[in-house]
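Below are two complexes that have chain A in common, paired first with chain B and then with chain C.
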Partner chain A sequence: MSIVNYAAREITCKIVYYGPGRSGKTTNLHYIYGQVPAERRGQMVSLATQTDRTLFFDFLPLDLGTISGFTTRFQLYTVPGQVYYATTRNLVLQGADGVVFVADSQRRQLAENIESLQDLHANLASQGVDARTVPLVLQYNKQDLPREMIMDASELDDELNFRGVPAHVGDALHGRGVFETLRGISELVLRKLTATADAGAGR
Partner chain B sequence: MLLDGRFRFDNFVVGTANRLAVAAASAVAESPGSVYNPLFMYSGSGLGKTHLIGAIGHAARVANGELRVVYIPLDDFVDDFHLAISSGQADAFKERYQAVDLLLLDDVQFLTGRRETQSEMLRIFNVLQASGRQIVMASDRAPTEITDVDERLLTRLTGGLIVDIGVPEYETRVAILRHKCEERGLQFEAGVLEELARLPLGNVRELQGALNRVVAHQSLLDQPISAADVRQVLGALRTPTPAPAVISDPAAAPLGGGGDEFQSFLSDVTVAVAQSVDSWRVRLGARIAHWQAEGFRTTMLEQALALDDPPDLDALEAAFADAAARLELLEAEVVLLDAALAGDEVFRDPQRLAEAEAVLERAQAAGDPPPGPAPGWTMATFEQAESNRMAVRAVDAVLAEPGVRYNPLFIHGPTGTGKSHLAHAIGNALHAANAEPGPAACVTAEEFVDGLIAAIQSGTVEQWRARYRQAGALIVDDVQVLAGKERSQDELFHLFNLLHQSGRQVVLTSDRAPAEIPELVERLRSRFDGGLVVAVELPTRELREALFSRALASRFGSVDEGVAAMLAEPPLASATEIEAMVERVAAVADATGSPVNAEVVARAIGVRRPTPAFIPVARDTFFLDLEKVVVDWPGVDGRIVEELG
Partner chain C sequence: MKAAVDAWVEEPLLRFVRDARVRLALVLEASGRVLAQHGFTRSVDVMSACALAAAIQASSAELGRQLDGAPFGSLHHDGSDRQLFLGAITTPGGLHLLLAVFDDATSIGLVRLYFGELRGRLAAAAPARVASDAVTPALDEHFERDLDLNLARLFGRL
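The block that comes next holds the complex of A and B.
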């Protein structure tokens, strides 16, 4: 998918927050929503349904205004973390310019984190995307919980960050690490502009 | 005026909102002309763009004292330009600006609608950029938001780096205030500057104004102002403007990070975008947007966007513009031929130019084909004799290799010697051989001229030309008729060249050799002479006899022997005359009720008293005097007998 449209002078980045259920993806979006001036953000959309076939995700559009002459928009999505929403997850992931993997730092959630990370790679592969080419950052969320309940960043790095991508500790509920994570993924995505030399005249 | 040192980099407070702009400005000041050329900075009023542009000039001059630096607001540039024009010093104006090493142009948003200035500026930009000299511009809006600007100039404006300067966040505003206080040796109680920075002010200039007011109030009262007094002092002096949305009060920020998180994020994204976007792609993107707005498909340019390295943009843009112009021309032409083709997609895609040309050709070809050869005139019906042997051989050679050996074939001779017959025979033979690309066009020069005149009258000259251009061969009879008709000669010249170059046969006939045709343009004459010029002579008696034999047989079946020889005796010139004579014989035979014999022939010949051996016994004394018989009438009914007495 094209990120930059030189003809229309538009940059549109689709960033997907991925991770196991209840790891804090939607909380990240809620925090960002609260920080962004009203005229810079669209309505945050959360779609929920009882059937697998219908979309179930959060969507937050951000209008960053004109940057270097380009109208710049970020579209933030979360995927449903629950295992049984596999179809929706795959659908939301399509065309992602970058992925934030929100891991639950609780020790007992490690297996879910690993499973979700594998699910991410499987979904990318099913879309014919080489996971190594997709900008990815990790966020180790819930670091505000008692030490004994959570794994620290280095432990999580050992378990999850086998690609050595940027990782941020986070406490999305209180905002810690949320913008650092968003900044991290945004820079990776934007830096890729030059690397990919996208034709970008039309999406 | 800005280069006096008041505006420098070291007294410009850098924050996240202006970090990119400062970085770009510093880079430009360090090595003018080598990076980010032109540099375009824009921001709302009072955010430091004029300071930065001045700092570039100052720093560049400090680094290189010989650098010719000019700072000028656009309005002054316009005045300067108008003054130069009115005083006849336009050249001096150009030379002055074209000699500049670093041109700092402020307030370029005022370019709107100033077409003359834009043109002049474009010329100056081209010269400066071509010689690697630096241009820096400042504006209160992005280049694409400056309305009514020449597209070419806009391309130049956006061709380098465009940076915007945002509203400074709280920390930067505190830093600015502290900096100002240091500069001016001011002292305030703790918290005053912080309180000032929290004020919902739109830009740095207003912030400075607020500081000035606080300073004035403090000196007036001769007692320090406390943080708590700040809002009261300023409230008494001014009505606060609404705060820009991006400035938020840290005190009111939610848990976790402070309200400037988004602003900080935005600033980082701005840096990342500016560093990631390629200027040549930006320029190409602008061209794509332009041509798309004009309704053209831009696949050709879009493909260039996908290249790893910048292509030759000037050449690419020129090629696209040329193709687009050609397409518009083709469409205009095709609409004259077929209105249904107006707006056809093929005329909107420069990549399909060849296809568009073909559409026009097809539309032109769809018109009536030019007249073909007379079907009866074939080589089989042509009587060969010594008098036309050379011409016949030439025709054979032409038919063996049409368009190759004798092209053009120019046949000349007196009227009725079979020139047209030969020429049309070539046309028929080519047609019979299914020669490509199409049937031969056979016209008399008179028809050619008349057709052109009619086409001029109806405005369909192009269609008229197209009819001939598609012909497989061109045969023009009696080209001596073109004498003095310049336009027709012109058209024939171009048509001749087109057909000749594409290997199509041209055959021309005339009653005289090319050199003897008066008022024929030399270029046409030389082309006529450039193939094979053959003459046909008047038919010999033997040929005439053969022609009469054939004509009589064709008209009456068998006739008496000797009749053909009798008819061939007078030196009749042409096949046409022979045909007429045969008809005359038939008329006499009808009138006298006798079969075609020597007597009838003698009466038909009329004007010549035959030798006594051929004079038959008259049955009708009224017609005894053959010289009184007028037979040149088309029908028997209207025949008049004139008594010459």
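The block that comes next holds the complex of A and C.
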């Protein structure tokens, strides 16, 4: 849930990058960290294992500046993708205002993508959250790999995007699609805030 | 005190900081959302500290449950120059956390003593949990323009 400080006109939103292990969630955050000036971001915190897999989460606070008169800050998190970190995944997901699902476009990873997407829905349900109401953006990562190894966007749409949410092709290692994905989820999260406020005002 | 999000936390935290003589203090929700802070100069540092404090609390609570049958209530780390105290506070609004950093101007005993008082004051002052849609801002309908501009600046695309 977003934090809104009316007195200071500040909004803080939590965005969680979700997806199977090695799909590129941490790479997305590393790219953002490298692009954004130091004064507009905090330190990137990575709690990783000795084999460099995310153990607990990665965390990157971003200052987006002023939007409609509100100083807007985003907290970007990743979850550990490996199946055995289910508890920490559920914990990091708590209170998320929006989710970026980073799918691995490799054909042989399709089952892992589907399993992770099901895991996302199960975790949201366990927290009493209707998954259909959570702003969600898909990123089809690793589209730089040879064509014969990967599924294209329309194939991945057919398999993963049953909600018809915005989807972006990506190559997070080189930055392709990272900005567009962040822009997409930012818009959905802020639009939901506005819609909720309008509904509240109409009561 | 800067950037206190919830007014009901402000006075009790200020009093705790003054009495216990800690350098940095944060009151946050168990999910990592900040309620009030003292001593931090950058908001992004506050967010990092909150995220890590929430993670420590979640890990240690689970460790406590597995080893001791119940979550640990507080943690203390004795560093070379500065020490860290993390304590859980149950209020009508849910579980909250205090993160305090202090040096030789005080002691862990005093911090624990005044943490007990803070816990009581916050439990008495905390409102019950409110519905999430009761506190939402009305952004301008053209907020996308600001969003695009700010993101482009952030990524050096202007």
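General observations
Heads up, the rule we're going with is that the second predicted complex is superposed on the first by the 181 of 203 C-alpha atoms of A that agree within 3 Å, B and C clash if a C-alpha of one lies under 4 Å from a C-alpha of the other, contacts with A are read in each partner's own complex, and residues count from 1 in each chain.
The rule is short, and it goes like this: contacts are C-beta pairs under 8 Å (C-beta built on N, C-alpha and C of every residue); 3 or more make two chains touch, one makes a residue touch a chain.
Worth saying up front: this structure is predicted, and the values here are computed from it rather than measured.
Looking at the shared chain after the overlay, A:R22 reaches neither chain B nor chain C.
In the superposed model, A:H121 lies in contact with neither chain B nor chain C. When both complexes are overlaid on chain A, the residue A:Q43 reaches chain C alone and has no touch with chain B.
Of the two partner chains, chain C is the only one that A:T12 touches; chain B does not reach it. When the two structures are aligned on the shared chain, A:L64 is found in touch with chain B and with chain C. By the document's definition of touching, of the two partners only chain B reaches A:G34; chain C does not.
Within the superposed three-chain model, A:E187 lies in touch with chain B and with chain C [touch as defined at top]. In the superposition on chain A, chain A positions 4-6, 8-9, 11, 35-37, 40, 64-70, 72, 179, 182-183, 186-187, 190, 193-194, 197-201 are in contact with chain B in one complex as well as with chain C in the other. Against chain A, in their complex, chain C makes its touches with residues 3, 5, 31-34, 42-45, 47-48, 51-52, 55, 58-59, 62, 132-144, 146-148, 150-151, 153-157. Within the complex formed with chain A, the residues of chain B that make contact are 142-144, 158, 161-164, 245-246, 248, 254-257, 259, 261-262, 264-266, 268-270, 272-278, 281-282, 284-286, 288-289, 292, 298, 301-303, 305-308. Residue ranges on chain A touching chain C, taken from their complex, read 1-6, 8-12, 14, 35-37, 40-43, 45, 47, 56-57, 59, 61-70, 72-73, 75, 77, 87, 91, 94-95, 179, 182-183, 186-187, 190, 193-194, 196-201. Those residues of chain A lying in contact with chain B across their complex are 4-9, 11, 31-32, 34-40, 64-70, 72, 171, 174-176, 178-179, 182-183, 186-187, 190-194, 197-202.
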